[in-house]
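Two complexes follow with chain A in common, the first pairing it with chain B and the second with chain C.
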Partner chain A sequence: MSNSNFTRRGVLKTGAIAGGSLAVPTIFTAGSASAFTNEPTGSSVTLGFNVPQTGPYAEEGADELRAYQLAVEHLNGEGDGGMLNTFSSKALKGNGILGKKVEYVTGDTQTKSDAARASAKSMIEKDGAIMITGGSSSGVAVAVQGLCQEAGVIFMAALTHSNDTTGKDKKANGFRHFFNAYMSGAALAPVLKNAYGAERRAYHLTADYTWGWTQQESVQAATEAMGWQTVNNVLTPLATTDFSSYIAPVLNSGADVLVLNHYGGNMVNSLTNAVQFGLRDKMVNGKQFEIVVPLYSELMAKGAGENIKGVYGSMNWNWQLGDEGTKAFVQSFGQKYGFPPSNAAQTSYAQTLLYADAVERAGSFNPCAVVEALEGFEFDGLGNGPTLYRAEDHQCFKDVLVMKGSDNPTSEYDTLEIVEVTPRAQVEYAPDHPMFAGGDLGTCNPGA
Partner chain B sequence: MFGLEKKDTSLLVIVAILALFAPFILNPFPTESGLAQFNAGYPDLMQRFVIFGIFAIGFNILFGLTGYLSFGHAAFLGVGSYSVVWMYKLLDYNILPGLVLAVITAGIFALLIGFVSLRRSGIYFSILTLAFAQMSFNLAYSVLTPITNGETGLQVYNNDKQILMSAGDPTSPHLFGIVMNKSANLSIAGWDFTFNNGYYFCAVILLIVFYLSIRIFRSPFGMMLRAVKTNQTRMNYTGLNSRPYTLAAFVISGMYAGLAGGLMAAMDPLAGAERMQWTASGEVVLMTILGGVGTLLGPVLGAGFIKYFENIFSKINDNVLHGWFSFLPDGLENLLVGIIHPFVGKGWHLTLGLLFMLVVIFLPGGLMEGGQRIRERFGKKKGGGGGKDAEHHPKEAPHVAE
Partner chain C sequence: MDAILLQTLNGLDKGSAYALIALGLTLIFGTLGVVNFAHGALFMIGAFCAVTFSRLFSLSYETLDPTKKDFLGNPLKVKTPYLEGWFGPELGGTLIDWAVPLSIIFAIPVMIFIGFAMERGLIKHFYKRPHADQILVTFGLAIVLQEVVKYFFGANPIPTPAPMAFRGSADLGVLIGMDPNVVIYPVWRMVYFFFAAAIIGAVFSFLQFTTFGMVVRAGMADRETVGLLGINIDRRFTIMFGIAAAVAGLAGVMYTPINSPNYHMGMDFLVLSFVVVVVGGMGSLPGAVLAGFMLGILESFASMNAIKSLIPGIDQIIIYVIAIVILLTRPRGLMGRKGVMED
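For the complex of A and B:
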């Protein structure tokens, strides 16, 4: 190197410049006088809808977004009011939240934690969002929930089914309305026992990531408790599209039930493979071979088509329910978009209303006041029957639907039929249940 | 200054000024105006500009100088992030130990991966690095879950040890008490400017590594690397063993990536496996090509460009569009919204793809070439058309940016 002489003067200069640039941010005092992050001061309040718009769960994200937009309309007093009319709490009057008009910003999580956090951060830092909601993967939900806890805003989780969201990763500023893997297991087990008997040998194929594991663990525990045996649990990489090599060993394992702990496109592929191998026509141990898919969604049912007939699974909500809340929601959603809402849409809609209602009842947007209003809140009329937001872990407790692939669907929207509405008491668990242990809610963080 | 030639010094000074005044430059529109949608001067995005700038600068040392196209640099990014979060979990929220560890572990990873991958060149090298990166991703995603927390991503929990943590310490990343996510605000006549500690910390790091990269570009070592790119076979025939040089370049750029990954976790205490996915590796290749391969400033521009689209265009939804065109009659408004709709919101990939195509077709040298052409045209006017006709005496496009 020809000219690499560090002179004393040069070093001093560098030091001065570096020091100066470090000092810059401290020249201005952080003199924001608000009591909490993004305190709304004008005539409107901004909510952040952070859903996957690209990537594997884009369809779910699009449906969530539709539901959010509908919820905002209803909160602002436009449209027919939907579930506002059937909601047991009457605090909301259709004039926005606390008299402020509801506005919203949207973002794309890409079903990636990083992108989701970047998008949520821009909503909080740039758009002044006071609440973030969305997510359709447990990893993303957990990541964004952590971010909201740090930033001091409320996170209303939408589609996230892993036990961890309100288990070991629970946060004081985060709330989940959707059900979880444990509840799926607890609701499914008795139905499976009735349908297939107590003497069954199950073989699990499990998506190899956190959600898959918690669901497998939950289903295994619930089915073993009623007498089933678990032959094997095979983990499948998330990117797998051809499950043939995983299905073949099932035939020789002596198992007579196959449990597919897969979601989305994974489940569509593995179920199709299993049916192609003729598993459902086999007789093993003198019994008909059966397949179970613990977590169902409308989109998966659509994707799997014929193969889903007679297969059991569970859901958070379904548009075919007969209660007043469901009817009102299905009607206003159908009127606006022309087809019935998915269970992802329902949980998104309900979460938005629950947040707005909590603010209204608390009389403040302060996250700590909202947390207080939501903790232990009992309500009804949002489509799931009487529901409790438990204070210990911010998880909603409500009835769980056990579904079955319908034998004679009349349209593309009723490919699933409701087998049983499992009562809330049956899916409840202690907050310190081993599957949920290890977490700490911490204290609510109002930010600033 | 600092042992640099005049031209390089002025480049460094320009970058320093840009970095210092970024909160102003990136917030050109008043907060309440409709165009505020295009403001990028909020802390998270500014941090991302700088961090991915560092990532791309490092990548460019390998790709721009030696021509070895690595498709696995995201692995080092991820390793850096995990190192920093683990330091949070074990020691405390001070970012310094984590960043040092991030650079070291990324360097070790790069040494191992580079040692194997650099036995081949060209497409085989690319595939080897891609394979290693995918392997790291899968390890992080499921196999090594106790270390990486799998799909959920590594976070700090309240019951973590944090042995250096005492009662009054900040509970988010900080540098000896300077909390990274703290900001100062300045409101002037409708404009809001945010000055964020974390951003300025990243900016200082950027300046340091940018300076380092200039020194590498101008050093005899850099010259050797460029020789590898030009004709490695001839180099080998002259008796020079080029592999130590390429390996050194690989490790250096891996350390840059580790530093960038560490900074990501220093700004936002989370490390996720998808940071290591091949798409992330591909992104840095795009950034470098978009900005200008082998140029000093290009990769930083490319990084900023892509991150801007990802974060700003993806947030423009129909509601916003209707807001913009509400002054038009209804039919026309819906038509315009209908035309623009596929290019914003979830269609941001499409817009970015189109722009990328345009740049690659018309400006093969990236954004830097665009800048150069503008300057040439500008300069010619200024000079009154004096001198030789540029068309007939084309100046050889400089291999490395000026």
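For the complex of A and C:
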């Protein structure tokens, strides 16, 4: 006669625990023997480049990827070294990161949050990526940043301009080198006042999502502070292609400035439509009607063609800057690919170097050690002048460029010209500024 | 008053594109019974015919200008179009300036050929398959076509301006006795409207006043009987597929100065055009045109600030709300044949 120790209740309990354990994503359990998620144990370390390779921002994603590949070459001691030669920190030696050869995997975000999270998750779980970087939309950046926080890896955001990324959605494991909407407003407003006067009436067309809202709020606050009035703010659906029905009401609204808080294809189409309607030839309130595009990119300028001439906007960086870091990067990138890098490429390259440098200085790949090394880090030589990675919100503070559509471009690469390099002090703000309120950085998560 | 007039003009302009695409869709559905989800891609390919033609016209040779430097510090390469070299700067420049309208000559045979190839190579194998299969295969084809275009032209919009003579805007308000600068409308959008009207008129005349058109109409009404009379209706329907592709392509060619073309533009119009076809009545050519203009105008009015403040977000859903109302109250559409979609 056998005596079983199994009871119905016991089996149910054990089954429930086992089932629950299996249901927990491996992202939270993988590598439990390690000190942190994806601790590199071999002779190489893997970085995950998560960029749009398909969809409307595929060109920007391709340029980011070129910059990442160049950064990997330079970290491994190949090529001319690029900005490693001008970077103020000398921790990187061109022998990989902590002596480990840098390898990379890529993911396609498709500029969709769910696809971006899925590709980041795959790179962390299957490929063992220790750091994720990339992005071309704030919605995507915020989503992937949240995932990286949960997974216990570092996220080095690339192209994301919404205040929320380092505002209400900031995370301890996430860092942003790119500038933000508040900085665009703060840099642009004085230039606009000088160019167009203090008595202007602005009409805003705004892309209806997180980036558009914070961009509009920032530009409205900055321009109203110098005396402009805001006539109206109309939210436009992201999927809009023909903006004629949103432009037509501007004609007789009494506004004499149109602010296009649009990016990418939206911006190309809205600016083209506004020029078609003759807005730039119009006189209102005794003044010449003007158009402003607060956030520029080289690819947008190319897509908008001649319509961009004389239109003001802002950028994080431009290849025409004269500092040594920029020269080294443009030379390196230009020799390899045959054309100058975009500002998306520069921020991607800089973020990769900054991560690698932080690991070297920390002497560890542990995300918490990297966070500590990056917080409050002051550096120079990466193309933006003296820069601070602020500890309170993981936002970089540096000079901002005010740009204008070039009247006489000599090639397809200089469609924009630098009007002013706005000093860092002018675009700084307190960590508890109302436009960035509501978030909690939390504590770093090493995972494992 | 000025706002209503402006939005009516906008609606007519948007409706022109909807009507042209929906007209082609209806031609294909009415003749071949195929639900063609690749029709938006044909519109996109038409636009890229204009881009290709513009690039061919702008083909240039390079000379080095040692007085200027490029971004790497090398002597600047200055491009001079071959056309300007051959015909002089004035005539060559004019030809390049008129590249978009001239590309119609290039687009018509290309689009007819693509239409034939699509029909003979793929779609004819799906005539007897369920509509769901047709939708899947044509949607898949649309994705393939747009990825091919993206491979060659990239994902970024490509500026393709109208000729100088048609850029800018005209003061229409003055023509009807209003104050100056009140009703201003872009010249090329007016050109687009009249072009669309001419194409729609030509298609209807072709179907109404030619023997070929008469046979096609008879085939649309009763394919079997026309076949029993010894007429090769399949061949005529293949030709109609080519004509439908050309109509979509021409709509795309002339649309390029309105919005810089990109590989995704066909998908942006596809769903709207299907709604137009359903509202107009599946298989009804006048219904497609009427619904195209009607929905274009309603969409424009829904974007007015006064309307949006009353019903926030109405501009995003107006077309679908109308489609729901029509399908509930008149399932065959505005001008659909009795019995269609009603059983």
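Criterion: the second predicted complex is superposed on the first by the 416 of 448 C-alpha atoms of A that agree within 3 Å, B and C clash if a C-alpha of one lies under 4 Å from a C-alpha of the other, contacts with A are read in each partner's own complex, and residues count from 1 in each chain.
By definition in this document, a residue touches a chain if its C-beta (ideal position, glycine included) is under 8 Å from a C-beta of that chain, and two chains touch if they have at least 3 such contacts.
Every value quoted in this text rests on a predicted model; they were computed, and no experiment measured them.
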Partner chain in contact with A:A58 - chain B first, chain C second, else both or neither: both
First, second, both or neither for A:S411, with chain B first and chain C second: second
First, second, both or neither for A:P237, with chain B first and chain C second: both
First, second, both or neither for A:K126, with chain B first and chain C second: first
Partner chain(s) touched by A:D114 [first = chain B, second = chain C, both, neither]: first
Which of chain B and chain C A:F178 touches, first, second, both or neither: neither
Chain C versus chain B, contacts on chain A by residue: B
Partner chain(s) touched by A:V105 [first = chain B, second = chain C, both, neither]: first
Overlapping contact positions on chain A, where the chain C interface meets the chain B interface: 58, 237
Contacting residues of chain A [partner chain B, same complex]: 1, 3-6, 10, 13-14, 17-18, 21-22, 24-32, 53-54, 58, 104-108, 112-115, 117-119, 121-122, 125-126, 137-139, 142-143, 146-147, 150-151, 162, 164, 168-169, 208-211, 235, 237-238, 438-440, 442
Touching residues (chain side chain B, partner chain A) in the complex: 1-5, 16, 20, 39, 42-45, 48, 138, 141-142, 145, 149-153, 155, 157-159, 172, 181-186, 194-197, 200-201, 203-204, 207, 215, 218-220, 264, 268-270, 272, 274-275, 310-311, 314-315, 317, 319, 345-346, 348-349
Complex contact set, residues of chain C against chain A: 2-3, 6-7, 10-11, 13-14, 68, 70-72, 76, 150, 154-159, 161, 167-169, 181-182, 184-186, 188-189, 258-260, 262, 264-265, 268, 299-300, 303-305, 308, 315-316
Complex interface listing, chain A residues touching chain C: 55-59, 232, 234, 237, 239, 241-242, 244-246, 248-249, 251-252, 265, 268-269, 272-273, 276-278, 281-283, 299, 302-307, 319, 330-331, 334-335, 339-340, 410-411, 413-414
